[in-house]
Amino acid sequence: MIGIAVIGYGYWGPNLVRNIADIPDARLIYVCDLRKDRLAPVEARYPTVAVTDDIDEVLRDPRVDAVAIATPVSTHFKIAMKALMAGRHVFVEKPMAATSEEARRLVDEANRRGLKLAVDHTFVHTGAVRKMREIVEDGLGDMYYYDSVRVNLGLFQHDVSVVWDLAVHDLSIMDYVLREKPIAVSATGMSHVVGEPENIAYLNLFFESKLIAHVHVNWLAPVKVRRTLIGGSSKMIVYDDLEPSEKIKVYDKGITLNGGTGNGDVYQMLVGYRTGDMYAPQLDMTEALGRELRQFVSCIEHDSQPTTDGLAGLRVVRILEAATQSLAQRGRVVDLEPARMIA
Amino acid sequence: MIGIAVIGYGYWGPNLVRNIADIPDARLIYVCDLRKDRLAPVEARYPTVAVTDDIDEVLRDPRVDAVAIATPVSTHFKIAMKALMAGRHVFVEKPMAATSEEARRLVDEANRRGLKLAVDHTFVHTGAVRKMREIVEDGLGDMYYYDSVRVNLGLFQHDVSVVWDLAVHDLSIMDYVLREKPIAVSATGMSHVVGEPENIAYLNLFFESKLIAHVHVNWLAPVKVRRTLIGGSSKMIVYDDLEPSEKIKVYDKGITLNGGTGNGDVYQMLVGYRTGDMYAPQLDMTEALGRELRQFVSCIEHDSQPTTDGLAGLRVVRILEAATQSLAQRGRVVDLEPARMIA
Amino acid sequence: MIGIAVIGYGYWGPNLVRNIADIPDARLIYVCDLRKDRLAPVEARYPTVAVTDDIDEVLRDPRVDAVAIATPVSTHFKIAMKALMAGRHVFVEKPMAATSEEARRLVDEANRRGLKLAVDHTFVHTGAVRKMREIVEDGLGDMYYYDSVRVNLGLFQHDVSVVWDLAVHDLSIMDYVLREKPIAVSATGMSHVVGEPENIAYLNLFFESKLIAHVHVNWLAPVKVRRTLIGGSSKMIVYDDLEPSEKIKVYDKGITLNGGTGNGDVYQMLVGYRTGDMYAPQLDMTEALGRELRQFVSCIEHDSQPTTDGLAGLRVVRILEAATQSLAQRGRVVDLEPARMIA
Amino acid sequence: MIGIAVIGYGYWGPNLVRNIADIPDARLIYVCDLRKDRLAPVEARYPTVAVTDDIDEVLRDPRVDAVAIATPVSTHFKIAMKALMAGRHVFVEKPMAATSEEARRLVDEANRRGLKLAVDHTFVHTGAVRKMREIVEDGLGDMYYYDSVRVNLGLFQHDVSVVWDLAVHDLSIMDYVLREKPIAVSATGMSHVVGEPENIAYLNLFFESKLIAHVHVNWLAPVKVRRTLIGGSSKMIVYDDLEPSEKIKVYDKGITLNGGTGNGDVYQMLVGYRTGDMYAPQLDMTEALGRELRQFVSCIEHDSQPTTDGLAGLRVVRILEAATQSLAQRGRVVDLEPARMIA
């Protein structure tokens, strides 16, 4: 039985609490929030769970094996580091930290102490994204592009740009689904409200191969779109998260290249098209967050590695950071340190 | 009665011929193509129209007042210039020329001789795009963004990149719909076939205001998408060209900004959301090409200016050219010469 | 403060409990279910609410002003009648009763005692359906048809046919939205499982005017559809409940009839088409069940009439009953008693 | 080389002419229409084809082997019979005749003379419908239902009801795709314009098995829908003709029935649900009419039987006729003569 404390009971905390309460192998011990008024509903609904506004109280309690952190991004590092240093396993909301330096220090600390560090890249644990990885691993031929649109009329965040709020999802999915890691990033965007971070942004990711990735995020769109296209030479995928059941469609489409003819001084390939059936595989519709938290608990019990571990969190933060640098320079390409260093 | 010759009878030429044949005030005199075998169906279906592979024969004939050019882009300049120098009005396929230098020389030559020069920016003449301009002119509040996706599994072109083939449509629509002209462009993309031009590309357009524009074009997508979002502070538009009738949807949505509160050292706006009705205006479904050609004929008769004149063609080619430069440099921002110079 | 007891804590009961618990003017006193094992979560989450398997205990308690019944249809009459006879107001799940005779006796009993009797026709209380009624009241011209498709791969019910399970929604919406009441009904359908009630059915409703209504319900469809078309001579409505926000679309479309010409011996109308804009009004997205329960409480407090009162429940049950008779006779038309008798 | 004359050059005739002109083994000899003014464009575009308003001239010409008839329905019988009696093969528009008596006499006459009689059930020759038949023949398990919606804001016809105009398509598709033939039909509908035939109708078809079919047709719908659901116990099909490419979707969904338990006096099956992948097979996109006419020509040359022969035409007319009888009696069930008699 793993004892868990939830730190932060704002927007996402209640989801952690509800899911942890349902895990047979876990016991929810505390819910902690600086704003005590938020904790009243916890007391009413979970009478056996302690509430507090004092994180030190939580970390002093020996029944607490792990903490799940759902506080603002700017506080992730401080709280997670404190918990690690107190010998607790950590599950932290995305993005893992506000800078890659912070993220790296968390990874190092967890490693040093042999503690589990997991980041809540929720989408990675959905049936749709796991199926997508399976299909990509089975092979799409040469990888051509990864293109995602994630737009809606959404809550403006005052502390982070739309890149840290929305693109983080795409980057974490990409990190899981693609075998290759990006080597450089560029981003353009705009803030339409004085004094606020960007509310619209376009990211380009460059790879060593001919793969190209692009992410379009926007908080001010009149319609909601959640659509990713993945193109390969032999198959292509459309992932539409708003489809109620057929979220993943696999197209047996692509191009064929023939030797071509050298006409004059230019050697030209003959490009042909191949189109076949489409299929939409059945997906596991289990709630992703529950699955992810059960995995975290199981990793503690059996000393295994979470799918979305600290390194995954670090790789994503590294790209967010580079994208932010690029945004400030109208899309200058920012190189990422070699992926092998952080994978 | 305006006498017209069509030059080039490949993919698009038959559409010009069919539409010109239906204009009461025009008379189709010649169809000219270097490949004489292409002309047999013209002879069969339009027995009164002369066919030839000799453009000089066409330009010697005093009955010919104007030419409509539908040849490969690389030949537009040479043929259009020859026609202008022979005193003929010119209607030329998009993009108007292969370089902005060529485009400018055509504009200058037409001006000098008082001849009409029109470029076939077909979409500008559709009911959907004309309605969209009307709505933008009525006001969307502050203009935030223009975002277009134009992807499909399409014919690879060997001579031009996907930017010149597909993005040209978006650039011509933007040129017509937006009051402001871009001041810089950046573009990233990739060719997935050795020796071929880019088959996927992303363009960013920068403006003096906070408006930002983005165009995503792709010849290798498993699904066809033709969707443009235009965001303003008070209204937003979705233009989906694949919708059979409701191509334009106008959303009474936006954000409201209140004075905000200075909390600490950061002055923050309070961002509120406003959502109201959506409406889809009825659209004129007349074939755009016919409307455009009738306007060209009418401009010759009444000495008025075509909507998509040589300057519009030049502005679009200038952006295509800059985007191509940027593509070669992983998205370096390329400044466009001041819009007022070419508008 | 109105004291309420919820009777039945199976599929729908938890929704009643959750919503009643949120009404400021109401106090949830009891939750009652014959299966005591179902009541454990109530005790855990609502420690101040009493639980029991004895309805008589509930009705003896003077703090209970009203009961909300969410038991199987076959028991509605008995429980509701018992509650009315004990002087309690009644809110009962749809369909109100298993026969029109039962429904009528409930209406009479409530009237005699001056008690409120409301039936949970939830859809009537959604923003979409209320807006639809507004639009119909503003006028669609002559009413032509009401056509609804409500199909999915759904839970087979062993005790009632798909008509009583799904068509009841359409009949209650129609009862609210249309000014005219049907005078006859016919229905065809099929059971594809031996010993089970019909799992697919088609209902026709006839009116005194030229209005015609049709309802298609199916538990065995591969896709989910929830779409209603309402056609009038001057406007038409599409109501798609699966659309996330634009559930109601109003089309300014219709036909125009001109005097016509008597050619030969047949006098023919000239039928013209008129098409204009479409608009999708913004909808109140408040949870319908909460709104409905608040109205029920307010009706008790202020002695006003619920929108979906016992007569509405009776009218719907009367049609369900007639449809069932028709189903058994391959679609024989069954007349409904004059609407004025029960409205 | 088969010589063909087209009789009737109104709405559909031009399509016949265009397609016949493209068949290598056929030669278009005449186009005949009572209104000579309609024939001018034929003369202009097909200078080698003779035009006439005299059908007898056509039938006297020994070069004419077959006629393709695209005149109003009421004239099909007279013209087709005249052609058969003159020894010509006949291809006739749907519906084949105005009554089943007429249709039967045409079938008998063609049989007696050993001539080909084909009816233009165009949809049967599309890639989508042919694929659908393949899938049904491979097996959907027990057949449960066939349900089609075919509605739009369409051209009112003054001579025939919406059943003869639109439902004829569904009946011809069903005749081809389903192995079983209906044994009875009922129909309800309404005319909303005085003196005009029904503009909205609902058909039920009954079979000896538990299969049930339903067709909904409407000329006054604000949106266009062309959707058919076919349900079987092991697979289900959605055929949406408005989808640009994925017109056919096959769902690996259904119910499973287990022995069940006899609880009390009712023996109940346990109904379980099974859901698996969906796939959309690639379809042959060849123009159906061209394929159908080539088949007709080939049948004449090789004395084989057209897919949509006179008997198919008769079966469809028989149902249309019975539906019309039922419509006049508010949906009374009309038995069809045993299918074996006419198949």
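Going by the order they are written in, the chains are A, B, C and D; count residues from 1 in each one.
What we mean here is this: a contact is a pair of C-beta atoms (placed from the backbone, for glycine too) under 8 Å apart; a residue touches a chain by one contact, two chains touch by 3 or more.
Only a predicted model underlies this, so the values are computations on that prediction, with no experimental measurement involved.
Centroid analysis (C-alpha atoms only) places B farthest from subunit C. For the pairs A-C and A-B, the larger set of C-beta contacts lies at A-B. Averaged C-alpha coordinates give centres for subunit A and subunit C that are 43 Å from one another. Between subunit A and subunit B, the centres computed from C-alpha atoms are 39 Å apart.
Residue positions 275, 278 of subunit C each touch two or more of the other chains.
Only residues 142, 144-145, 147, 149, 151, 153, 156, 158, 184, 186, 188-196, 200, 202, 204, 206, 210, 212, 214, 216, 218, 220-223, 229, 231, 233, 236-238, 249, 251, 253-255, 257, 266-269, 271, 273, 275, 278, 330-331, 333 of subunit C touch subunit D when the two sit together in their complex. On the subunit A side of its complex with subunit C, the touching residues are 44-45, 47, 224, 242, 244.
Contacts from subunit B toward subunit C in the complex involve residues 246, 252, 275-282.
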